[in-house]
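Just dropping this structure here.
Chain naming follows the written order as A, B, C and D, and within any one chain the residues start at number 1.
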Amino acid sequence: MSLKVRYFAWVRERVGKPEEDVEVPASVTTVAELVTWLSSRGEEYAHAFANPKVIRAAIDRIHVKPQAPIDKATEIAFFPPMTGG
Amino acid sequence: MSLKVRYFAWVRERVGKPEEDVEVPASVTTVAELVTWLSSRGEEYAHAFANPKVIRAAIDRIHVKPQAPIDKATEIAFFPPMTGG
Amino acid sequence: MTALSTVRIQREPFDVATEVAAITRGRTDAGAVVTFTGICRGDENGEPIASLTLEYYPGMAEAEIERHVAEAAARWPLIGVTVIHRFGRILPGQDIMMVVTVSSHRAAAFAAADFLMDYLKTRAPFWKQVEKADGRIWVEAKATDDEAAGRWAPSGKSHAAQ
Amino acid sequence: MTALSTVRIQREPFDVATEVAAITRGRTDAGAVVTFTGICRGDENGEPIASLTLEYYPGMAEAEIERHVAEAAARWPLIGVTVIHRFGRILPGQDIMMVVTVSSHRAAAFAAADFLMDYLKTRAPFWKQVEKADGRIWVEAKATDDEAAGRWAPSGKSHAAQ
């Protein structure tokens, strides 16, 4: 499936780009599996996702957990814990 | 003893004056006794203190209870429950 | 921590932004500012009012508010606190009083403002009279305000006894 | 009750007094206004900083804040709510964000402002980077902020799950 992936803050800096369109294999069905798959794509991704516990995700702009299915997703974003306010 | 007594809000309106100096008999030793004594001084006082439960008192600008002794007081104020803010 | 504190009781209107600027100007340790402004509403218990008139106990009101500001500064790490309360005649839509609390962090600023408001609503020696179609009446104290102030016991209690 | 709500994310500074006036102008049902202003401090964990840079997730941030404003308006009887959050580079002493809540009564205004701040601090998609002597670093989330936001569960929880 085709997905837009967006990165923010230090995840963006480590991956080296703010967003990209990726073609995800059918075997990748959850957010956690997507993280594993992205990590295999290169050193910059492995670095960005080295500690998955501190990575937050949103599917189509709604916060989700690692177990969330991605089959209905159009846009998935990865970022560190929020520090607004 | 000699005391300055001050009245606020509807207590002031009922008594008909904002303050007065009174000579209190030695038998009057607490705030509650002072209220009873003042009430005996005339209709306007009896009206102002008709319901002692809703009267608040302060001795020298500190909130006190009816049982508080008045022997060290210089100024005693009577008023309804506060409605500031 | 010594908080910069200002307490004023005045007939004149006030400007919240001016008061905030006076506390925060030139500082870089202030991270959170909470303001509360109490405004005269056009109704009292559902009935329209033409005006509000506030009476207070000069001397006692200032001393009591200052004591509560000092208590707030002892409980929470505050940089500054300003309390201004008006007296006299106030029209619907006009400001009655304000509290500003400034701290490095938001929790302290919120808690201190809430604490001071509970005090001002229930125990500060101010009395409101409203002007209605059928005359002037004194506003009665609300039980809910007393309950809110009770949240701050036991410290709040110590002021109830002499 | 339908609250008048405004949510803006902008690079430009804002003026709290202007925002308060915009909600309260001409109204006589507003009795309580609470404002919170978050200011850039000159230090982060005790180390001086030269600036703060805020990044956010456009689209998601606005939608999330609006959803939380709607939730606040459903929980408390609010007349108006305004949330403004800046992004980009901000210097010590400059404002970062503000929340204004207006209600007939103070408890609702305080609770709603506190609720929105807890959300904004912990779950709104904003990230702060600080500029220190030894370079730029991303601010780490504070556990105390997460705990404060937890106070609002169970409703807050529903947003954690998809």
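Throughout what follows, a residue touches a chain if its C-beta (ideal position, glycine included) is under 8 Å from a C-beta of that chain, and two chains touch if they have at least 3 such contacts.
Every value quoted in this text rests on a predicted model; they were computed, and no experiment measured them.
Can you list every chain that touches subunit A and also touches subunit C?
Under the touch definition, subunit A and subunit C have D as mutual neighbours.
Please report the minimal path length, in steps, between subunit A and subunit D on the chain touch graph.
The fewest steps needed to get from subunit A to subunit D is 1.
If I average the CA coordinates per chain, which chain comes out farthest from subunit B?
Centroid comparison gives A as the farthest chain from subunit B.
Distance from the CA centroid of subunit B to that of subunit C, rounded to the nearest Å?
Going by mean C-alpha positions, subunit B sits 26 Å from subunit C.
Find the geometric centre of each of subunit A and subunit B from their Cα atoms only, then give the gap between the two centres in Å, rounded to an integer.
That gives a centre separation of 72 Å.
How many angstrom lie between the centres of subunit B and subunit D, each centre taken as the mean Cα position?
Distance between chain centres: 49 Å.
Scan subunit D for residues touching two or more other chains and write them down.
38, 106, 117, 121
Give the residues of subunit A that touch two or more other chains, as numbers and ranges in rising order.
Those would be 85.
Applying that definition of touch, give me each pair of chains that meets it.
A-D, B-C, C-D
Can you list the residues on subunit D that touch subunit A in the complex?
Subunit D residues touching subunit A: 38, 54-57, 59-60, 63-64, 85, 96-97, 117, 120-129, 138-141, 145, 159-162.
Okay, in this complex, where on subunit B does subunit C touch?
Residues 6, 8-10, 12, 58-59, 61-65, 68, 77, 79-85 of subunit B touch subunit C in their complex.
Give the list of subunit C residues in touch with subunit D in this complex.
Where subunit C meets subunit D, its residues are 15-17, 20, 24, 26-43, 92-93, 104, 106-107, 109-110, 113-114, 117, 121, 144, 148.
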